[in-house]
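In what follows, chain A forms one complex with chain B and a second complex with chain C.
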Partner chain A sequence: MISFRMPSLGADMEAGTLVEWLAKPGDKVKRGDIVAVVETQKGAIEIEVFDTGVLDRLLVEPGAKVPVGVPLALIRAEGEAPSLAAPAPIGGTAVAAAPAQGPAPTPIKPPAPAPFLPAEPHVRISPAARRVAAERGVDLARVTGTGPGGAIQLADVETAASPARPAGFDFTQMRAAIAAAMARSKREIPHYYLSDAVDLQPAADWLARTNAERPPERRLLMGALFAKATALAARAYPEFNGHFAEGAFRPSAAIHLGVAIAIRGGGLVAPAVHDAADLSLDDLMAAMRDLIGRVRGGRFRSSEIADPTLTVSSLGDRGVEALFGVIYPPQVAIVGFGKAVVRPWAVDGTLAARMIVTITLAADHRVSDGHRGALFLADIGRRLQQPEAL
Partner chain B sequence: MTESDIITAIREELARMAPEIAFETLDPAADLREQADLDSMDFLNLLTALHQRLGVEIPDADAQALETITGAVAYLARKAAKSPET
Partner chain C sequence: MTAPERPPPPSPAPAGGPAHETTYREAVRQAIRDAILRDQRVFLMGEDVGRYGGCYAVSKGLLDEFGPDRIRDTPLSEAGFTGAGLGAAMAGVRPIVEIMTVNFSLLALDQILNNAATIRHMSGNQFGCPLVIRMATGAGRQLAAQHSHSLEGWYAHVPGLRVLTPATLEDARGMLWTALQDPDPVLIFEHVMLYNRTGLLADDAGPVDIDKAAVRRVGKDVSLITYGGSLWKTLEAAETLAREGIEAEVLDLRVLRPLDEAAILASVTKTRRAVIVDEGWRSGSLAAEIGMRIAEKAFYELDAPLARVCSEEVPIPYARHLEEAALPQPAKIVSAAKSVCGRA
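Moving on, here comes the complex of A and B:
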């Protein structure tokens, strides 16, 4: 029997609140499956399992706040006997309850039973939705459910509770999480900064040609080229890709590129696009689009938030020409892309109007030096001169 | 497709990505992206949604025409009138 535990979703996380189970006892699970939603300072995060087997028993009920490392559920290997009597067959709409018999440990309960609110009797309401509705005074009869069969889920209640803000975010908590991470970064990491202005005209021309015949859903954004160029350069300069922990730098073989995403209403998160250097531009763009959509909707996965190995932050086509990032610990570098602007630029000895972007690097001086940083930054700029090779 | 259909489509798609924006308070002649704080991904998603919902081709080179609400309505109405109803 394998314990599925509350994961650590960042160095600053000590505990999380289980919001919702997305799997029930008896369900087959495999590595990467999303089985639960946990509320942290970073918002609601979908939690993936790392093991393959059958979900045997849930040990924690929605609403309970549990420390990192505490078992949330038991997973049994294929063929292994269940810990108790086999779970009763689950009907189409029934919700599995934790087994009540046997020597099972008492499930961890929420601190206080959630009061019930009157609602349409035939509408299914998830426990987490009911609890949050009670906390925020939302009338469940007025909430439109988007779950299976019109079931009211947590996100529906949150949408109803705060129509002006995306679901899943607690802005006070997010600000506190950013404050903790950035204060730690500036306290512990000796940053050095480099900046380079790069001719973006070849990439802009290539992008315009590529997008000309494509419908909007298949178009690329310059941000995808920036991400790919950075990921490829990180492969050549491994001292910028990895984690610094317990006094030592551990380079990462995988390049999980954190993408800084601004949240409407304030705050930001930088979850990872996994194996960014191995993705084609189209796949990378699709991954970024998917990630940004889910983040703005308040849902992303545990592995995405926990394991970026290098972050990019891009201002897009609005804003200012340069941004100097603050490294997100335990990472050791962040690459910034400013707004691209048209500037007079010498090309082959002739002055021309060209699109120019300022690329910056903030890196950890405990791990690398300015000389290597400059080579890394220049490599990103050089790769952008050959966009067809990205 | 009437201009009113197009405005409804823009309002609804905008509400999905920027729910805190009161559509009525936007200046239809001013840059929509500045007013609604849309980044390049938001704007591309808006074009994608309008393209799929209204069935109007919006080539990348024409995207600038949709940077204001007035411009977007005029552009989409003109393109919709040209393309045969299906």
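Moving on, here comes the complex of A and C:
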């Protein structure tokens, strides 16, 4: 039996609230399946499993806030017998105590059923009310029953659920999360900064030609070219792609490009486009569109938030000419793209009006030095000169 | 157990044609007349169906119209004439056997259960028994414990039988012909309190399906599930409930075996509450079966405990006030519905 635990969705996450189960006991699950939604400081995040098997038992009910590492459910391997004992799941009434054992993800025998909560006082709850409460993440302990004998009925759950905000962003919490991550970054990471102005005219011309033949929904944006150029350059300069943890840099073979996305109402997140260097421009554009849509809808996946290996940030047309990013730990670099502007520019000894963009790099001096940083940054700029090769 | 193939259900008659006021009794009579006229093989037999015109006067005048070959009086021997009907059906004709009341049908239970319901199974599908048995059921006419019980739920227990409970004029008129087309035995229970019921019936009213339940009133707060004579009490209760702000849905089962489970679950899934109204005794009743199916298949839809209104567990009394007290009544249905809606 394998424990599926509350994942760590960021270096600063201590606990998460289980909002919703998207799978039920008996369902077959495989690595990568989304099985639950967890509310964290970063918003509601869809949680994937990393094991393949059958969901045996849920150990935590929606509404419960549990520390990172606490088993949320048991997954049994194919052919393994279902568990017999059924300890009471963690209810939605309080923060459960941290488990005795650490968060080591080793497969274990049926875990010591949690030193969790005392049983709730018996409240009558109709089956429909219970089901809908689970679906909507309503904490039944906070619902007042108006049915016979104080029973909680469906209407009571609906009343309790209606004023609640949908699973999504808590801006106060998000601000706190950004504060914690950025303070840690500036405290721990010795940043160095480089900046380079790059002729964007070839890329802009190519983009205009390419898009002229396409319907609006299939057009490329410059952001996709920036992302692809950065991802390809990161493959050539691996010391900018990976995580610095426990005193050492671990480069990443995969290039999961974090894309900083501003959220309406304030705050931002930088979830990953997985394997960005391997995607065609069209696929990369589609992935970014999908990600932006889901982020603004308050839904993204645990792996997307937890595993970017390098981040790009672009202020777009409404920004300024240069931005110098703050590295999101445990990453080691962030590449910034300013607003593209038309400037007088010398081309082949002649002055011309060209579209220019300022590309910046903030990198971790524990891992890389300015010389390599300059080469990395120049490589991005060079790749933008040949957009058809991206 | 039942034939591998049944004829398709009749297509419903178009609504909106001319209609005339008639009675449930007359609708049943016209159904019998129509069947005898349409199919040479059809005949009616039972106690007092001929010269006396039927103990509930359903077949009055039919002996004069069709003669003793098609309208056959029988001795007072339920086992005998039911068995004769069974044999006739197996031999290729289409008898309609009338049994005076469900109480007396117990004398023919051996023929109905041990023979009619099982012959297809026992013969490995070599023989079938396309027999239709009509009988009166239910209480309300001060006919005491000899004539007043509601045992249709018992018959609904038996594999191999199809059990119908026409509650409306349309079903009284239309179920018989469809039943006669069925390759297996069909029992039709006519509640004694329905015979005098009047209403408009379309002149072109024809055969109706014998498979589906029908929503007789649409509502959203509670499903009142019933059949036969209790339908009208239930509709009356639903009116009362509506005045108190509870919109009850009334589901007329129409067919007690096989149950239209999908219709039951659909209604309960919508309303999340159910009260089953069944004139049978409570213990081991059809209401119990329906409640259990809801618990099995729609537990997570329920927002309140299931409830039922059945007859008191006594032989149905003769005295009017006691008889009324023993039976499901609109006030009891209202009370049960309000209780599950938390409005008791």
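Heads up, the rule we're going with is that the second predicted complex is superposed on the first by the 307 of 390 C-alpha atoms of A that agree within 3 Å, B and C clash if a C-alpha of one lies under 4 Å from a C-alpha of the other, contacts with A are read in each partner's own complex, and residues count from 1 in each chain.
Note that in this section a contact is a pair of C-beta atoms (placed from the backbone, for glycine too) under 8 Å apart; a residue touches a chain by one contact, two chains touch by 3 or more.
Here the structure is a predicted model, which is why all the values come from computation and not from measurement.
Contact with neither chain B nor chain C is seen for A:368 once the two complexes are overlaid on the shared chain. In the superposed model, A:311 makes contact with neither chain B nor chain C. In the superposition on chain A, A:201 makes contact with neither chain B nor chain C. Measured by the number of chain A residues touched, the leading partner among chain B and chain C is B. Shared-chain residue A:212: touches chain B; no touch with chain C. In the superposition on chain A, contact of A:360 is made with neither chain B nor chain C. In the superposition on chain A, contact is made by A:131 with chain C only, not with chain B. Those residues of chain B whose C-beta lies close enough to touch chain A in the complex are 17-20, 33-34, 37, 39-41, 44-45, 47-48, 51-52, 57-61. Interface residues of chain A, counted against chain C in their complex, comprise 126-131, 146-148, 151, 153-155.
Contacts from chain A toward chain B in the complex involve residues 163-166, 208, 211-212, 214-217, 219, 221-223, 262, 264-265, 288-289, 292-293, 296, 316-318. Against chain A, the residues of chain C that register as touching in their complex are 272, 299-304, 339, 342, 344.
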